[in-house]
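Next come two complexes built around subunit A: one with subunit B, the other with subunit C.
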Partner chain A sequence: MAGNSTFGTGFNVVQHYNAVLQQDPSISAPVAAVSSLVRLVEQQRATTMLELMKIVPEACSQLKRATHDSISLSAGCDVFLQQMARLSQGQSAEECSRALIQAGSEFVQGAGRCRDRVAEFGSAFVRDDHTILVHSYSRVIMGLLRRAVKQNKRFRVYVTESRPDQSGLKAAEELQALGVPCEVVLDAAVGYIMEKVDLVLAGAEGVVESGGLINKIGTYQLAIVAKAAKKPFYALAESFKFVRLYPLSQYDLPTHRSDLLAFKDSKPTEDWHARLAATNPMLDYTPPELITLLFTDLGVMTPSGVSDELIKFYLD
Partner chain B sequence: MKEVASGSKPVESSQPTSALSAEAAEKARQKEERGRLKAIELKKKGINPDSKDAKSSMTKAERRALQEQQRASKQLGAQAKAGGSGQQHRDGGSAASGMRDAREARLDAGAQHVASGSVATSATSAAAAAQGKNTRISMANRVVPEDKRMYLYLHLDTPQHPPSSATALEVVQSLNMNNPVATDHGAGDAAAFVAGIRNAEFPPGPHVIAGMARDDYVAASTGEPCKVGIAGASGETTEALLNDAIPPFSNGLGQRKVAKLSSSMMGIAIHPRIKEVGLRMATMEISGANARVVSVLEAFADVIADYTPPPQTALYRNLATHLSAQINFLVYQRPMSTGMGNAIRWLKSQILDISAGMNDDEAKSKLVTMIGDYVKERITAAGDVIAELGVEKIKDGDVVLTYGNSSTVQRLLIAARDMGRRFRVIVVDSRPHNDGRKLVHKLVAAGFSNLEAAEATGGSSDATSAPADLSTRGKGRGRNGLFGGVSYAPITALSFLMRETTKVFLGAESFFANGAMLSRAGTAMVALSAHSFHVPVIVPCETYKFSEKIQLDAVVSNELGVPDALMYKTGVPDAEPVGLHCNHSLAEMEYSAYARDRYSARPRWNNRSSFAIDPASEVASAVAAAAGGKRGKGAKAAAPVAISEEAKALARLNMRCPLSEWRSTHNLRLMNLTQDITPPEFVSVILTEVGMIPTTSIPVVLREYQDQI
Partner chain C sequence: MLPQELLIFNVVCRVLHIVNEDYSSVEVVSEGGTSNKKKGHAGGGGGGGGAGGAMKGNETPAMGLGQAGAGQPRNLGEQVARSMDRAALNAFHLKSLVIQEINDYMVELEKTEEEIADNAREHIHSNEIILTCGRSATVEQFLKHAASKVRIHVIVAECAPAYDGHEQARALAGPNIDVVVVADAAVFAIMSRVNKVILGAHAVLANGGLVAASGSHTIAAAARHHSTQVVVCAGLYKYSPMFPFDDDRFNTLVSPDAVLAYGNGDLVDAVDVCNPRYDYVPPELVDILVDHTGGHLPSYLYRLLQENYNYAKDLAWSMQDE
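Let's look at the complex of A and B:
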């Protein structure tokens, strides 16, 4: 990435982040971010707290810029910064960075277990003969369904196609390999199948302070249809995806850009297919009223429980 | 008692300025001493003592006095026009001189105001008794209980501009003209007031004490019995007016909670600053939730700085009781707000934490410092953080609707504008307080209505993003807020305005543990409307206003406003123009072809001409005629023509203000609740200094912050 300083260490945090993600696709963005930040702290040679307090936030903003304000990445960065603020009190730079490296490494190692814990809590909600509607592809949902299969539960899964990247197809392949009966439905067919569904599962890019959800586009309408059909809507998220944001509407998200669906003048021979992908949002916000429960590694909680956890985490 | 005229007040300058009496000199010295002490204490923490209330109260009092004067002279003119006798009803002592200066006229008008508001003075009630039965006069036989003093305020002024204690004092003076009462319009206002009342020798007969707490208090602080109250001519006690007003709610519900003067308060002197703050709160001069807490805490800092424990006793043991007496006085003036309760609880716990070994002076200065820090941290700095958060939530092109006048919202909006956000503000307002006018005034002063500037900066810098962002416009052409501006509308227009609103900002008095919001009456309505239009409701609120209590509806506990505030005042157009010095007559207003101007605070008013059909002066003259006719009876032989004229005028008056006779009409009640409860689900987000939180998270904040509070 051009314009990224390496803080005189020869270490490029963005490069490392991308490398981590390429190495192990199962790792999620916040974890990759934290592990890159840990590496950065290991590499840097700051002698004063002030220096350290400058380097790390700068690296965070580099990461955010490089990934176009990815919600979950910024959640990881926030966790790291909060950890640093907590550890920085009354310590020298060296002590602090040592403590920070340790805490960060623990976090990275523990992150894998988070997903298992979510699956453990959530799989209890899947019962024999259930029909489950899943939106898009999500590693944490896959973990839950895999756990349910291991528990010898028999269930069917509808997977939404999830335009425009059609990640639902990937989910269907994995489910097929697991031996779970599954169908891929058009995003537009969600209303059609909803009455056959027993529960709806959605992953999360981030869980915000209101207890709402930021996730792959289409989640919001899915939740609305589920609410209208009075079906439970469960969201799955590891606690490191809790992010300090409070969107009031779709347009309040940091990912919203003014050029999205903005009625730009079109050329006489517009390639609508290309334009479709270019001008559509990739994430949406689901307000807490539409969410029945959240399965997290801290336990199963109501949306308001998320804001409680966030306040507790960020307030001391 | 000698006159102590303050030279700074122009209207007072006509009074003979005598040399300062020994007592006044002593008082001045004490004041100076106190001020110096305070300044030293405050300088340490970098608080500028000049920004204290003392100065502002003076200037406010002055301004108000001027307004009063204008109004009085208008009234006088109306009276003259109507041909009513110019006879003074205050004919007790002073001989009616041909040449009355402006001040006297004003006082007279003030007294008349009182009289026509059916609070009887000795002169009027005597005249009325001589004249015979009259519905208005029947009220004169009631004794207004002391804790119903708020009635007086209402009769002294319109509810929009409650009088300061200074104005009230002038009326007292006018009513007891032969016993001039000392005034001191500085910070020691209340003290002088108390002293003046105590020292004045009242002639036998009933008196009106306006603006003053009550005789009990005077008695308590001096130890001498001093009965000054509002007594009817007959002197017999009737039931409390307030209970009378709302019988269905008279047993506790909706009742003004009036603290009883406890025996512990006896013998403890109330600090003059507390008196001042108490009175200013009672007159609603200090009415905002934050303003009240700040002024009370500042007053407490003075109390603590001035306090010396009795000999051979420890400060930390006695200070709490001393403060309790001061608090009792404050609560007696106006029920405590949640924020005040929290702040006072905090202060008391700090006093208890003083270690026994600490030197008194050290302990005092420590407490004063802590109070300053509390105000800074929990209110001032918190407000800054909240304003920052709020600015984030305001986007270009937003149409922000707000209700009434909240200091936090005001700050936030102005901060957003300073940050270069381009948005429109709709101020929704309601009777009887019409606080929103103050907000409009502030916003216009901050340049919100300066459309050219907004367009100039907006057109050039944001030419790329603004037109591109059609999606945020959404709400229809010309209505989006890109070009700024302020709109002012009554709450009745709410459902129309909500359609174009993108965000609602509301001020809160308190939040309960269940997430319900306590706020000025009408807020729940606005929140409900926003909810049904799917508009987010954003409430900025400092955490010190959070309460651990739970209140399920607004009737469990409420503050009862004065019923008379619900009447339309004769001679005072309800649609008073916005702004302090705005002198537009209603007739000048014209219909604007532009939708935006039609309900805007800009000088091209929308007001259909029907407004001006019945000019205010006509009604005023009718009142004057009615009043003049009544009073003139004793002196002149009333011609039958005059009676019919009077009857006609009265009838017209009743047509105009059917509520004015509500006291004497059976089973007619007015209810003026001042607060309501907004259910938690109507509030989308609370902006606090600890971040943006949903209403469900209030218990967590209360729990997590318990040790810090």
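Let's look at the complex of A and C:
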């Protein structure tokens, strides 16, 4: 079964995951992953708990491999596996699958509400006449700003361009459609405008045990500049993005590869553009000392509160 | 619509928490008698194990951190309606339980200052020079309790324009305490000779920041510069589930007459005079918060808030969400 991604029933979990993402672009990776795992559990015909306990983790590792160890997807898979571990006690494979399907479906349905809850908790921090600095494109941040606009608050937004994929431009388009005055700022110009900014918002790929943040490259820099200028730095994350990692440096992330920025030999006619896109990291780690508050669907918390929530969930 | 007077709001939230907590514990015991450890005990609950989705027999536990919270009522109206639906049977037991708990809470409130003062010996040592500011009954009792065993020197900043410091000095003066009153401007100059700063607070906000007497921020900043410890004595009822969205949200201005008398006619017209009542002290400047259970770091505050206000969290947020 190891190299076969269909588990004998013709169900390809990675294919289903990609299809879900394509169908609904607003869905986040961990939710799509759980949705695919639920479908897998529905389709599989394991008759013993041991079989089930092999199939599901195998599917999780396939998903992780296919998405290059995406942090948020790993977080979602871990939540699903933890739930399975909880439900597997004292039940038959069939009962466990049924309960798992139910829990998973409720989770997927509730996930949309998570984003709304984050927006509810966070929008109170956006006040009239504020200048906000936003890093890259994040659906949670957009949700929060949309809510603030609905509450008739008047504010302006600087969006970082966020190279190399320039996702900041997408954010600027959406803000313009909402009627919020916005400017796209070079990643390098963040220090230049920081004095004029009232608060900084960043989304999250994952929130680690120490309360630190894993997010699009450039977040760490932004946090350092914000701290130096004494501006509050707020991170927005749904609770299913809390991961059981404890990185001590940038290079401790599971997405780290040794060939990133490794001074490989270059040709005299090297295409630096292409090389830049290939050798640069996409994620970085922001330590908890630089984060003022975290807005999650569990409430507003200081970074020290994250490990408490993780312990409550994972150690029952 | 935000509450202005934080302390009243804190007490309301605490009482609401008591009621909800008792309700959950009564509900579990009455339904099928399977006492669930997670729900029964005080202060636990919250997040994944909360009233909404905890395990009952073979019901599926909610998945995801705090997904159970998604089912919680969003405002006071809903909370009450929901409780009323199910509470008819349990009202009799619930009432006496709640009344008893509220009475316990009242006793706790009355004994707060005494219990905080009991911690004084841990923080104050013989012959220490302590700086304080303004008038605070909690700090006064704290220092007097320490002075009953060891000799201490207290420097009180006078806190213009109310000059509360003078009253505090008069209250503190006694055997074993040497009191000196200094002008607010002299605080930085003498800070190098001070061993410890002990402040009172009007309220402690959810991020660990303080709403304290005007002048406290300056003192705390001077202390940070000299790496002097800042100890804040505040009863549990002062810990608020509110976050400060900006520094002056919980501040009020009182009469500027004390700063610039109305008698100076021409000057009063030409000049804008402010007299803020409170100061916001950011959490980075506070080292220890002392309440009746002992000393805590500001970063531990989320835990205290969870234990004491968890069931009222949604109320607190629905009020902040304008």
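As a convention for this text, the second predicted complex is superposed on the first by the 312 of 316 C-alpha atoms of A that agree within 3 Å, B and C clash if a C-alpha of one lies under 4 Å from a C-alpha of the other, contacts with A are read in each partner's own complex, and residues count from 1 in each chain.
We adopt the following convention: contacts are C-beta pairs under 8 Å (C-beta built on N, C-alpha and C of every residue); 3 or more make two chains touch, one makes a residue touch a chain.
What you are looking at is a predicted structure, and each value in this text was computed from that prediction instead of being measured.
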item	value
Side-by-side fit of subunit B and subunit C on subunit A, or clash	fit
Subunit B versus subunit C as contact partner of A:Leu21, first or second or both or neither	neither
Residues of subunit A touched, compared between subunit B and subunit C (which is higher)	C
First, second, both or neither for A:Asp259, with subunit B first and subunit C second	first
First, second, both or neither for A:Met53, with subunit B first and subunit C second	neither
Touching partner for A:Leu87 - first (subunit B), second (subunit C), both, neither	second
Partner chain(s) touched by A:Ser304 [first = subunit B, second = subunit C, both, neither]	both
Touching partner for A:Lys312 - first (subunit B), second (subunit C), both, neither	both
First (subunit B), second (subunit C), both or neither touched by A:Ala189	neither
Minimum C-alpha spacing, chains overlaid - subunit B and subunit C, in Å	7
Shared subunit A surface residues [contacts with subunit B and with subunit C]	304, 308, 312
Contacting residues of subunit A [partner subunit C, same complex]	79-80, 83, 86-87, 99, 102-104, 106-107, 110, 113-114, 117, 120-121, 123-125, 127, 151, 239-240, 242, 292-293, 296-302, 304-305, 308-310, 312-313
Complex interface listing, subunit C residues touching subunit A	46-49, 60-67, 69-70, 206-208, 243, 245-246, 299-303, 306, 313, 317, 320-322
In the complex with subunit B, residue positions of subunit A that touch it	209-211, 244, 246, 248-249, 251-252, 258-264, 288, 304, 307-308, 311-312, 314-316
Complex contacts: residues of subunit B adjacent to subunit A	393, 395, 465, 468-472, 503, 536, 538, 684-685, 690-694, 696-697, 700-701, 704-705
